[in-house]
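Just so it is clear, A, B, C and D label the chains in written order, and each chain counts residues from 1 on its own.
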Amino acid sequence: LVELNETIVRVRYAETDQMGFVYYGNYTAWFDIGRIELLRQLGLNVNELERKDDCYFVVAESQCKYHRPARFDDLLCVRTRILEVRARTIGFAYEIMNEATGDVLATGYTLHVICNKQGSPRTIPSPYHQLFETPDTGHTSS
Amino acid sequence: LVELNETIVRVRYAETDQMGFVYYGNYTAWFDIGRIELLRQLGLNVNELERKDDCYFVVAESQCKYHRPARFDDLLCVRTRILEVRARTIGFAYEIMNEATGDVLATGYTLHVICNKQGSPRTIPSPYHQLFETPDTGHTSS
Amino acid sequence: LVELNETIVRVRYAETDQMGFVYYGNYTAWFDIGRIELLRQLGLNVNELERKDDCYFVVAESQCKYHRPARFDDLLCVRTRILEVRARTIGFAYEIMNEATGDVLATGYTLHVICNKQGSPRTIPSPYHQLFETPDTGHTSS
Amino acid sequence: LVELNETIVRVRYAETDQMGFVYYGNYTAWFDIGRIELLRQLGLNVNELERKDDCYFVVAESQCKYHRPARFDDLLCVRTRILEVRARTIGFAYEIMNEATGDVLATGYTLHVICNKQGSPRTIPSPYHQLFETPDTGHTSS
């Protein structure tokens, strides 16, 4: 199904901290990668959305549960899906899996308000409406 | 009350992204500052906890709600308090306020599992037990 | 002398990596703090420069030598001075010192091209000319 | 030639700053990727070097020249080669190229001291000696 994206990332040295595994605040960069690739897969380019359509996905909420540590040089699979679409908001859910072991390392979500450059909420540009008109639209699709 | 810490931080240029305000994943660094200063205020030094007491506060969950943007060079007040203490876990709640306007920019929490260097859960070292023995211990103290 | 700024920063947990001390790429955030505070001391606000004067200090070169490790929770003194001012460029030199021991942990510099929002080089706005008209202007003042 | 590595990375949203392109301190993460992939190509795994061989590549110096901006979502080619090998140090040179246009966006280098976990300089473990015994060994191979 097109609504799921899987992207592989490798853990960077800079992402670790002195505990010896990935610093918890760095998972959002992987969430972003998953979300941006899922949108690309749907035909949406975030750069074009921002520059041509004056449409920004401003983060209103983020959450992450950390089940097992991610370590330097690990290959991870970022699994992203759309959680919820409303008139002016869109939510995404993420799973971070160790690609070698299949272990789920973390699960999280982000909720975004669709805004213009000035930060005022707006609806998603009309050419893209149908992309999000799934049977789940308007409902939590978890 | 000693269980609340307020620390001032100034937003760094590196913390912004191309939307023109602080990248949402960078708020955790402020949470850490608030938590570490609150622990210091209670007499706990995180470096000593890790090196002398083999006691690490591993993050199990984090959450943040973003109400208003934080911008480069803003002075922020990080307000931190202990949310919950259990045998092997401790939770902290945070408010990020704009120091000039008093606006609450974000609220969040982190939940930590107390572990040894190998990542096995353990209890907090006994000299520190009484620090967390508040009337609220074992209950959500929000 | 007003051309030297000293600012104290405390090392953040997020700034460490799995070697157990600060990741080398994170020193630039301290350079920025030093440079921004030095400019503020001279009467220049970077936010106003960008927004009102359409004047950006785009980094053209950066360099850092790492002499001793910086560790989590260390208090550091960032010593910043202007290295060189030319028509369209300005250079800054930095020393990162351990505030407790006085050890110099790192030395570095950044060279900036003064640009407008579109990235075209420009001169510094005229109200600020005299701020940089030191005896050393146009010469390396090391 | 095995001494050159080319690795493709895509610019992350978190890597930009409010100027609208990549923050200059974030290029080191790409340098690390290039260096680690070059070492892997030579048969050296950085994780194993650290854990099994007690051998760390501590950064002693880094430098970067920024020629053109890197922007969010750009595909970049990181070109890495060994610059110099000495008894206890090793230097790497990097080029960051825009994969679409071929433009060189940045050039840089890092110099590393080979250390044990305690930070004392040491020689590279003997099984790996011959990997670096190129005609250029001991000379700057730029």
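Quick notes on this one:
Assume contacts are C-beta pairs under 8 Å (C-beta built on N, C-alpha and C of every residue); 3 or more make two chains touch, one makes a residue touch a chain.
These numbers come from a predicted model, not from an experiment.
Here A-C and B-C are compared, and the pair linked by more C-beta contacts is B-C.
Over half of the residue numbers at the interface between copies subunit C and subunit D are found on both sides, making the touching surfaces mostly the same. Chain centres here are Cα averages; for subunit A and subunit C they lie 34 Å apart. With centres defined as mean CA coordinates, subunit D is found 24 Å away from subunit C. Separating the centre of subunit B from that of subunit C, both taken as means of CA atoms, is a distance of 29 Å. Listed for subunit D are residues 13-14, 18-19, 23, 25, 28-29, 72, each touching two or more other chains. If touching chains are joined by edges, the resulting network of the protein chains shown connects every chain directly with every other. Looking at the complex, you find that subunit D touches subunit A at residues 10, 12-14, 28-29, 32-33, 36, 45-47, 71-73. Looking at the complex, you find that subunit D touches subunit C at residues 18-19, 23-29, 50, 56, 58-66, 69, 110, 119. By the touch rule above, subunit A contacts subunit C in their complex via residues 13-14, 16-21, 23, 25, 72.
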